[in-house]
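Consider the two complexes below, in which subunit A is the common component and subunit B and subunit C are the respective partners.
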Partner chain A sequence: MTELGLEIALLGAALAVGLAGIGSAIGVGIVGQSAAGLVTEDPDKFGQTLLLQALPGTQGIYGLLAGFIIMQQVGIIGGAPLNLTIAQGYAFFMAALPIAIVGLVSGIYQGRVSASAVGLVAKRPEELGKGIVYAVMVETYAVLALLASIMILFGIDLG
Partner chain B sequence: MPIIEMKKVFLLGHEQEKNTIVSALHKMGAVELVDVKEGGSWEDFSRLLEPDRPAEEISELESTLGEIRYCLDFLQRYFPVRKSFVEQFTGSKLSLEREQFEQLIKNRDQLKDVARACREADEKMARLRNEETQARNLIGELEPWASLDVPFAEVKTGARAVRELITVPTDRFELLKQELDSRFPAHYLEPVSADNEYTYCLAIYLVTHSDGIRELFKDAAASTVNFADLDKKAAEEIEETNRRLEALEDNRAAVVEDIEKLLEHRTLLMSCYDHLQAEVEKMAVSDNLARTRSSFLLEGWAPALAIPDLEKKLEQAASTAVVVSRDPEPGEDVPVLLHNKGPVDAYEVVTKLYSTPKKNELDPTPYLAPFFFIFFGICLSDVGYGIVLSLMALFITRKLKLGGMGEQLVKLLFLGGIASIGFGILLGSYFGDLLGLTPLWFNPLDDPMRMLLYCLIIGLVHIYFGMGLQAYRNIKAGRPVDALFDQGSWFIFLNGLVLMAIPETAAIASWLAIGGAAALVLTQGRTQDGVVKKLMSGVLSLYNVTGYLSDVLSYSRLLALGLATGVIASAINAMGGMVAGGIFGTIVMVIVLMGGHLFNIIISTLSSYVHTSRLQYIEFFGKFFEGGGKAFQPFRTSGSYVEINEPEKVEAG
Partner chain C sequence: MPSDDTIYAYAVGRTRALEKRLLEKSQIERMIEASSAEDVIKVLSESDYANALADLTDIYDFEKVLQSELQKSLELIKSISPKPELIALMALRYDVHNLKVIFKAKYLGIKSDLIVPAGTIAAPRLQSAVDEEDFRDLPDRLRKACEMITEGFPVSRDPQLIDINLDQALFEQLLHDAKRLNNAYMEGLFSRQVDLINLKTLVRVKRMGLDREFLKKALISGGFLAHDRLTVFIDEPLESLITGLSMSQYSELAAEGIRDWIDKGTASRLEKLADDYITGYLKKGKWSPFGVEPLIGYLWAKEIEIKNIRLLMVGKINKLPSEAIRERIRDVYI
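Coming up: the complex of A and B.
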């Protein structure tokens, strides 16, 4: 008898990739807007602002990472899809939630901080490092969420 | 000693030799000058001092500088010098030999001519642009009339008939036509062309009807168009204007050519700019010195080691100069210069990005260096990525002449690559799972909990080390009691808590924890008044344990980032594997692998760098480092455009 476990697990993977990706897309978008404004005045700041723009992009990568691990574990990638019980499916779904939720919100907020850091770089290019540190304070929580997701994923009993 | 010892320097000289002495100092770049009048000790002598020279000369030089900057910006607009991606971070300067530079600044008098030529070209370009816009607008206005076969000269009011050009909103045209036909049949209305908005017409009617017809036109929101200056047919006029545009384009090309000829002066402009900038800097020194009619006094800071050299060079340059130095007095704002040897030098950039240490404070660089190396290695932890990163760093140092922080940063990345190779071998990651080699130690993907534990332990060591440094600071500052109570009690308490997790030591550990906690309760409120307040503060201080807990847990990011690098690499390999097969498949696979791994290297290096820095700044520095010192900024040549290669190597201060 086939159960819905696999589908629930894949819903988790989709949410991890999708929501964290949305967070990053919004964050990167916000930074890109202010960066483009600065570069109209000073084209030589392109490199520095690109670095700042890349910062809120990591949430999307973390989401993809969690999604990828789920796909690998349930056999969508590199193997035959497993026949999961509904309980197992929910376990994967829960595992995806931390990075999906935190990735969405922290990506947006990290984008805002990075956009302010673009303003910082406009006036004081030598203080790029401090702008990055502020942005990374936000990312901490995405990293912790990713860690929680990974811990749950590796703890799921597929036996 | 990572922080260089500074001495206060006083330099007394003869007014006649002032310029020589200031130039010599400027060239040496070993002294940071301070304003003599800020030190209160000169107030008593203020009657003796001559007033400052009016700043006329400076403002004259500054206006020349403005002129040069205008020329350079103008040239940059038409023939930009692009900076490469790496140079945007590191800056790039024109490299000149000293001899060339001297030669160029001798031609200073050419500046005026160059500036005039630039201005003229700029004006010409503006005029041409203006004419061009006018011509284009005219063509735009003429275009709807292109098919009109009547010359504009004949569109006029005669004795009997009125001929005029009108534009009618297209949706009202039919109505207008009907009205005209019914009320003034003796008319001629020819639509020449029409677009969505307007219909363009030639209208001919009798002078006697003109009032009535004007009224109709007004009702239909039609308006008359005049081409007063033109007399040929519209098509001919368009052709003529197009010819004029072409001529303008030719003129423009000629002016651009003229501008291109001016480009040869760019080096001259840059050199003179830097030269004059230096002159302005030297003159500005006059504001900071104390002066009588025939002598002057400069005050500044210099590294103690550089002082003998300073004395020798100044004696050579000027016979009257006297250098006196003394140790800094307490309360003086001593500038701080960091100096670390060997690989540790690279990690100065981490400290400097946070803050310059205060005077008398420990330079944290040598202490954070090994941790930074290890943490970076754990975050990236891939042999292939490490090799690529190190090679890229090597390539950049070879290719670009960097200095200061840029060079340190690249060196830091090189060392990070090495660390990554080491941890890659231990944890078995070679471009992810591309080579499938077994790890020397264990694979964190198989046992993430084990890796997490190691990460937290190494974090605990890092935090203990920071506490140890604070204890050392306290002891050195003559507060051994603080070291014992503040850091010692916490050390016992935290160790007790940690050891309680291990069954074999749990019994002793609980006593340790209780002892430590008791010590904290008893000592942390010692600055408060009254027994109750003391105990309250002591008990409340135990709450700080959450701070230590979150600090330690923060190191879990090492595991997360290490896993992220490895798993993304594996994902890229898996994607490559999906498209493999056949010649075409193999080519696509190679592209996917190369592009994917390059992307991952950049992203992972970025996050390794920023998160490792964060662990130093928040978790480590928070324990012992204050920062907020003033960095040593010597008085020296700092060209905006030109970098001069000295014929002989100048020894480092």
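Coming up: the complex of A and C.
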């Protein structure tokens, strides 16, 4: 008899990819609007603002990475799907939560910081680096969440 | 979750680029030191005004250039703002100005070409509204004020009726709309403007020796300073007004501006300080990354810049000394 473990694990993968992706999409979207406003008046700022726009995109990548590891471990990719117990399924689900939740929120906030940095670049293009540093401070917490997710994932006992 | 304020992301990004093209202190300084009006134009030709000035054949036509620049800025900001109705409030003042001009032309036969194009309603439409006494296009409070003027003026023939009624209605409308649109920042702006106008009215009324009844009629409501707090000063020397305001947010402005008015008999210093005060208030919202504040601030900055250019041009044409011009030049926003 098959248990529901596999489905629960996949729900975790879906959340990691989905929520972190939403965070990045919103974040990148906000910066894009702000950058388009600046570039309307000053087309030379395209390169600098593109860099700022890319920053909140990483959360989506982290989410995909976590989701990918789950899919691999449960055998969805590269092998036969495992028959997981419900407890094992929940372990994968829990592992997905840090990057899913933090990815969503930090993506949005990183977008807001980056959009503010677009204003900074408008006034002082030579200070782009400082704008990036502010945005990267938000990145820290997405990285920590990814780290937590991965540590849990590799600690799950599949025996 | 994304909060609603990010709807301003594009507009603020674009405003940041526009802000950079405002005249800087050093450019203003060069114009103050310029030896003639032509030299002022020369400095302006190296700025964002270059295109507009290229068509200028007679320097006495500079006012037209300034008016069209102001109108362009208002229209641009309105077009990029997700809530153009908030920006339109910044232009309502020009409708009231035009209405005053048109009413005075009609009733007092004062001919003037002072119509400004920056209002929310085109001047010819205002003209026909006054001619036909049909004010349906105007916002509620302005419409009522215009109706009061058309009914009251033929009876009283008092030109003050036009100014007082329209000014009163303008700020009632502005404060009402700012509240309706839930914008505390703009409410704060209009309330401060009311206070500053009331202070100037009080000093002016006192200097003209008019009585308390007149002052009560002329004061505009909606400010932070209560009317009965102001009217008590009508029977006291102006110095006591300075002490009376020393605990308010207008203490510095009163101390310097009203003192100057007492000593020199001109309001020009107080006018400058009042504008600087508003600039100081609006600057507080300048760095808001998502919100209407930078847009409003930019429009105000443009108005001040145009005022400064006008002061410079008029000063240079009339050969005023640089010092006299510098005293009146408003602080820049950037």
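Throughout what follows, the second predicted complex is superposed on the first by the 159 of 159 C-alpha atoms of A that agree within 3 Å, B and C clash if a C-alpha of one lies under 4 Å from a C-alpha of the other, contacts with A are read in each partner's own complex, and residues count from 1 in each chain.
We take it that a residue touches a chain if its C-beta (ideal position, glycine included) is under 8 Å from a C-beta of that chain, and two chains touch if they have at least 3 such contacts.
All values derive from a computational prediction rather than experimental measurement.
Novice: First (subunit B), second (subunit C), both or neither: which does A:70 touch?
Specialist: neither
Novice: In the superposed arrangement, does A:26 touch subunit B (first), subunit C (second), both or neither?
Specialist: second
Novice: Go through the superposed model and pick first if A:58 touches only subunit B, second if only subunit C, both, or neither.
Specialist: In the superposition, A:58 contacts subunit B only.
Novice: Could you look at A:108 and tell me whether it touches subunit B, subunit C, both or neither (first, second, both, neither)?
Specialist: The second partner, subunit C, only.
Novice: Touching A:122, do we find subunit B (first), subunit C (second), both, or neither?
Specialist: second
Novice: Where does A:41 make contact in the superposed view: on subunit B (first), on subunit C (second), on both, or on neither?
Specialist: Once the two structures are laid over each other on A, A:41 reaches subunit C alone.
Novice: Compare subunit B and subunit C by how many residues of subunit A each one touches, and report the one with more.
Specialist: B
Novice: Starting from the residues of subunit A touching subunit B, keep only those that also touch subunit C in the other complex, and list them.
Specialist: Shared contact residues on subunit A: 45.
Novice: Quick one: which bits of subunit A touch subunit B in the complex? Just the residue numbers, please.
Specialist: On the subunit A side, the touching residues are 44-48, 51, 54-55, 57-58, 61-62, 64-65, 68-69, 72, 77-78, 129-130, 132-133, 136-137, 139-140, 143-144, 146-147, 150-151, 154.
Novice: Which part of subunit C faces subunit A closely enough to touch in the complex?
Specialist: For this pair, the touching residues of subunit C are 1-2, 6, 9-20, 80, 287, 289-290.
Novice: Contact residues on subunit B for subunit A in the complex?
Specialist: Listed in rising order, the residues are 83, 85-86, 88-89, 353-354, 448-449, 452, 553-554, 556-557, 559-561, 563-564, 567-568, 571, 574, 577, 603, 606-607, 610-611, 613-614, 617-618.
Novice: Within their complex, state which residues of subunit A touch subunit C.
Specialist: 26, 30-31, 33-38, 40-42, 45, 108, 112, 115-116, 118-119, 122-123
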